[in-house]
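What follows is subunit A paired twice: with subunit B in the first complex and subunit C in the second.
Moving on, here comes the complex of A and B:
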């Protein structure tokens, strides 16, 4: 269906080759996953398929790419529109109309379909993607998962033979992501659609992929079945890291497989040890907090304390009250009733430098904090605002990411570098509380491990209080000391990470699922735990 | 060499249509000085028709996806700005955006932006009527003018403070020109025939001109001056970041970037 024949690509204004001599064939009805670090060329590869690169971007393309026998060098992207559907990372960026039905029709209108054909196809797609009950809803009122389903629907309605998706679930919470991926799985199996998809969170998609294209940082590209690629790829889900660390003969792609392979490791009774930690002084004290938006109660009688040196993860569904809680702590709004004190002061009373050095807040979209035209200017402004010595923010940034170009525009940085920049801007004033809303959205594994290291050292070494709201259980397993679980404005669970995560199968990280009933959350825990247990066994 | 499409430029045919329709529109503005009788309604129809002709001509086939996307985004932006000022006392916060955007994306595109943003914002403010076609032409001309300003002076790019100054001059000029043009289409019929400032059909050019100027000063200066001040202030405040953001967009859109296809064998050698 898709053939790449010794493809090399160079972008204009760049001396570096994105791909060199890349050849592969994707057959009809295959689902192929593209993996690679940010900036390695995943998006370029996907856009080469429908000719947007180089027809839209410029550049030198050597070699030949053909889709269903049509060469992309001879046909403009418009000429391939009926053949290839493309879905982007943020569905909201691609919508052109207001309601679901209109959005589905829009592409067909542009391709001049007859009205009766359009009507038939819209009904078909509404059924296929279970969108019937949403047909006349306004798109802006839909949830992220529903929006992404509409975006997929509006691509499918043209009956393409190939569907290309660029990180379709990275902006979604796990439940919405599951919803989108299971639809894709069904499309591949029921319609024989060819799907090419790129994704950071491998644990979500790996089970669905027939083959993987792995792009390494130096432009080398491999294509093979998942088991082979994952044996050596540095980008891999936690269960694969576990399988490698335990020196299993093969790697599994699902919890079930790895669990079967590790039966012999679960024979012994594991030691249950709670890491003891001295709790520091209370930094944030919340007493009987209520927050009401119009009719809706967002927070109900919340009383919590957060301590210095502690990383707390706040989890819960979208709309459970996580963001409202954080906004109250940051002092964005006055709460309906109840009290919040940050180091004894109401957060709404904090101003200027005192505020910067007390509360650091990183919103869901970290670029919202970036307003200057270059990295150097951002850093200089931060030095000024915080009354620091010239260059101290930049020095902090260089420690996080040594290769950053100070002249670059902040929005041109990779996701990981941009997060480092925002962290540097916020952390250079050493706020007593660091609050992050969904910090791992769209981050690759590398950027995520940078984030984990930064957060852990900030809380442990500097003894600061860190709060994160997240859906990412793997991140929680890695960094959090404590988990607060919110549902419908109430605190439904609050306790050490181990207890909270293990008590709920839906929120258990992959390693815990494999190793259950042993209470290990991460690969590191499991290795340490097994070593201790087997050591003890052999002594007996 | 093959390249990606450039920013929108008027084709020769479009230029002819633009000139032709602009002459009709200009005549529609200034006829009271030269003609005996009442052409008001004839021109309302003629200018409306010219606007339609122009919009259908410049759109067809010749505009690429990126130019139209930019046009859509900027028109939407200006459309949202317009109700903010509600036009009261001439406080129209749209001219600075039109002028700055046209400066970056050129005269042809600037003309289109004037036309589309005036049309779409009229729908939002309820300002649809015979005057709309006049406004469309006036805004289009302002976009064209702002886009046609020189980018270089004595081999040096005009940037920074000089550029800001240039934009302010255009902003002030545009504010007054728009006021005068709108008064011109308004004056012949608004006052009736028996006031001191009324239009005299068939009167001497000098007499009518002086009556118009007095009318304009008496009625609309109070609108033009705040309009010019607001536009200048907004240019001073926003030009630097706004120009930077738009120039970055221009660069990102990769207009006129070379495309090359090589065979794999040739690439290896």
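Moving on, here comes the complex of A and C:
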């Protein structure tokens, strides 16, 4: 279906090729997953398939790519619209019309389909993706999962043979992601659709993939079945890390497989040990907080306390009130009623340096904070703003990423380096509470582990309070001491990470699913747990 | 689902009303037009549960209109052609070189001059509100769908402009508040402009690529999923707007 024949790609004003001599074939009805670190060229690979690269981006393409016998170098993306459906990273950026139905027909109208054909197909797609009740809704008011389904629908409505998806679940909560992926799975099986998908959160998609294309940092590319690639790939979901750590003979891609391989490790009673830590003083105290937008109640009678030295993850569906809660704590807006005190002071009353040393906030788009033309200038400005000695922010940054180039423009940095820069800018003033909204969006495993290390050491060694809002259960399992679960403006669960995550199958991390009923969330937990349990058994 | 008006209805209505408005300086007439528009937009939008990003356009335009009236009045007082009449107070006159005769800065402020400047301000503000109301009632996207396909490039540019613009307002607010939290207060809009520009460029490119990938402008013809019909109530809106033209000419001249 898709053939890449010794493809090389170089972008204008770039010194190194994105791909060199890349050849592979994807058969009809296959679901292929593209993995690689951020910036390794996953998006470029996907957009090569329908010719958006290089027709839309510029750049020089050598070699030949053909889809269903049509060469993409000779045909413009528009000419492949009936053959290839593409869904971008952020569906909201690609919507052309206002309502769901109009969006579905947009492509068909452009290709001059007959009205009765369009009618029929729209109904078909509305049913297939369970969008019927949303048909005349305005797209901007839909949730992330619904928007993603509309985007997939408007690609499928053209009856393409190939569907290309760039990180379709990165902005979704685990349940919405599950919903989107199971639809894709069904499409592959029922319609024989060829699907090419890229995703950072491998644990979500790995079970569906027939083959994997792994792009390594040096531009080398491998294509093989998941078991082979995952044996050695540094990018791997937690169950693979678990399988490697336990020295299993092969790596499994689904929880079921790995569970079968590990039965012998679960036939002892595991020790349930809650890591006891003495809680520090209360940093953030929230008392009966309400927040109302117009007629919508975003937060309802929230009372919470966050302590020093504690990392709390705030989870919940999109629109559950996570961001509103954080904005209230940061002091962006006055709440409708109720009280928030950060170390006894109302956050809206904090200004200047006092604010910087009390609250550190990293928004969903960390680059919103970056305004200077180079890393060095950014750091110098931070020293000035915080009244620190010259060079202290940069010193902090170097500890996070030793290789960063001080002359580079912040926007040219890799995702991980940019996150380090923002962390350095915020953490150098050692705020008493660090607040991060969706920090792992678009981060690869490497950047994520840097984030984990930084957060853990900030909370443990410096005894600061850390709050993160996230959909990423694996991250929560790694860092959080406590999870607060919000739904529709209410706190529905609040407790130690272990209890909250294990109580709901949708939010249980992979390791926990494999090791259930043993209460271990991460590979590290499992190894420690198994060692303790076997040690105890042998003593008896 | 309740059928909405034809996309061209409110826009042609807005054009007719704007002609009527431009023919008169009568404040009461202008205020009545703005009031009527506010009422229609409020009633229409109240009923729909979910709104397009543009539906709040009129409320935003009202704020801008107020600023315009103030600026226009201040400028009308300070600079311009003297109009004789009942002098209210005098400002010191700044004498300009001879070749700029006819224009002066400062001088006697007559009641007539003040009224004239204010009326003109209201007129401009009304025009803005009329079109903002049309935008609130019919999203520009629906209007664009009525355009023929051969204006491809223009169409892409317009879709991008109309999609990115409302998002820019929210993005600007988001970036500004994020930066306030970093303690960047004094830089004002300069610091916001850079991330904002980057974001809007990226978004525009994304959107253009999405349109391209979905075959926009590839075929020379394009079909219509639902032909929009002009109903009696569409005609009612258009004709009552047209009726305002003679009304403003005769009654409020």
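The working rule: the second predicted complex is superposed on the first by the 513 of 540 C-alpha atoms of A that agree within 3 Å, B and C clash if a C-alpha of one lies under 4 Å from a C-alpha of the other, contacts with A are read in each partner's own complex, and residues count from 1 in each chain.
Here is the rule we use: a residue touches a chain if its C-beta (ideal position, glycine included) is under 8 Å from a C-beta of that chain, and two chains touch if they have at least 3 such contacts.
Just so it is clear, the structure is predicted and the values come from calculations on it, not from any experiment.
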item	value
Contacts of A:316 with subunit B and subunit C, given as first, second, both or neither	neither
First, second, both or neither for A:509, with subunit B first and subunit C second	neither
Which of subunit B and subunit C A:64 touches, first, second, both or neither	first
Partner chain in contact with A:226 - subunit B first, subunit C second, else both or neither	neither
Which of subunit B and subunit C A:409 touches, first, second, both or neither	first
First (subunit B), second (subunit C), both or neither touched by A:56	both
Greater subunit A contact set [subunit C / subunit B]	C
First, second, both or neither for A:237, with subunit B first and subunit C second	neither
First, second, both or neither for A:8, with subunit B first and subunit C second	first
Residues on subunit A lying within both footprints (that of subunit B and that of subunit C)	55-56
Residues of subunit A touching subunit B in the complex	5-8, 12, 21, 54-64, 73, 373, 409
Interface residues, subunit C side, partner subunit A - complex	1, 50-53, 139, 141-142, 145, 149, 159, 163, 174-175, 177-179, 181-184, 187, 191, 194-195, 198-199, 203, 205-219, 221-227
Subunit C-facing residues of subunit A, complex	47, 50, 52, 55-56, 76-82, 84, 86, 88, 90, 93-98, 101-102, 105-115, 118-119, 122, 136-138, 140-141, 154-155, 158, 330, 332, 352-353, 355-356, 359, 361, 363, 365, 367-371, 381, 385-386, 411, 425-426
Contacting residues of subunit B [partner subunit A, same complex]	3-4, 65-66, 241, 244, 248, 254, 257-264, 266-268
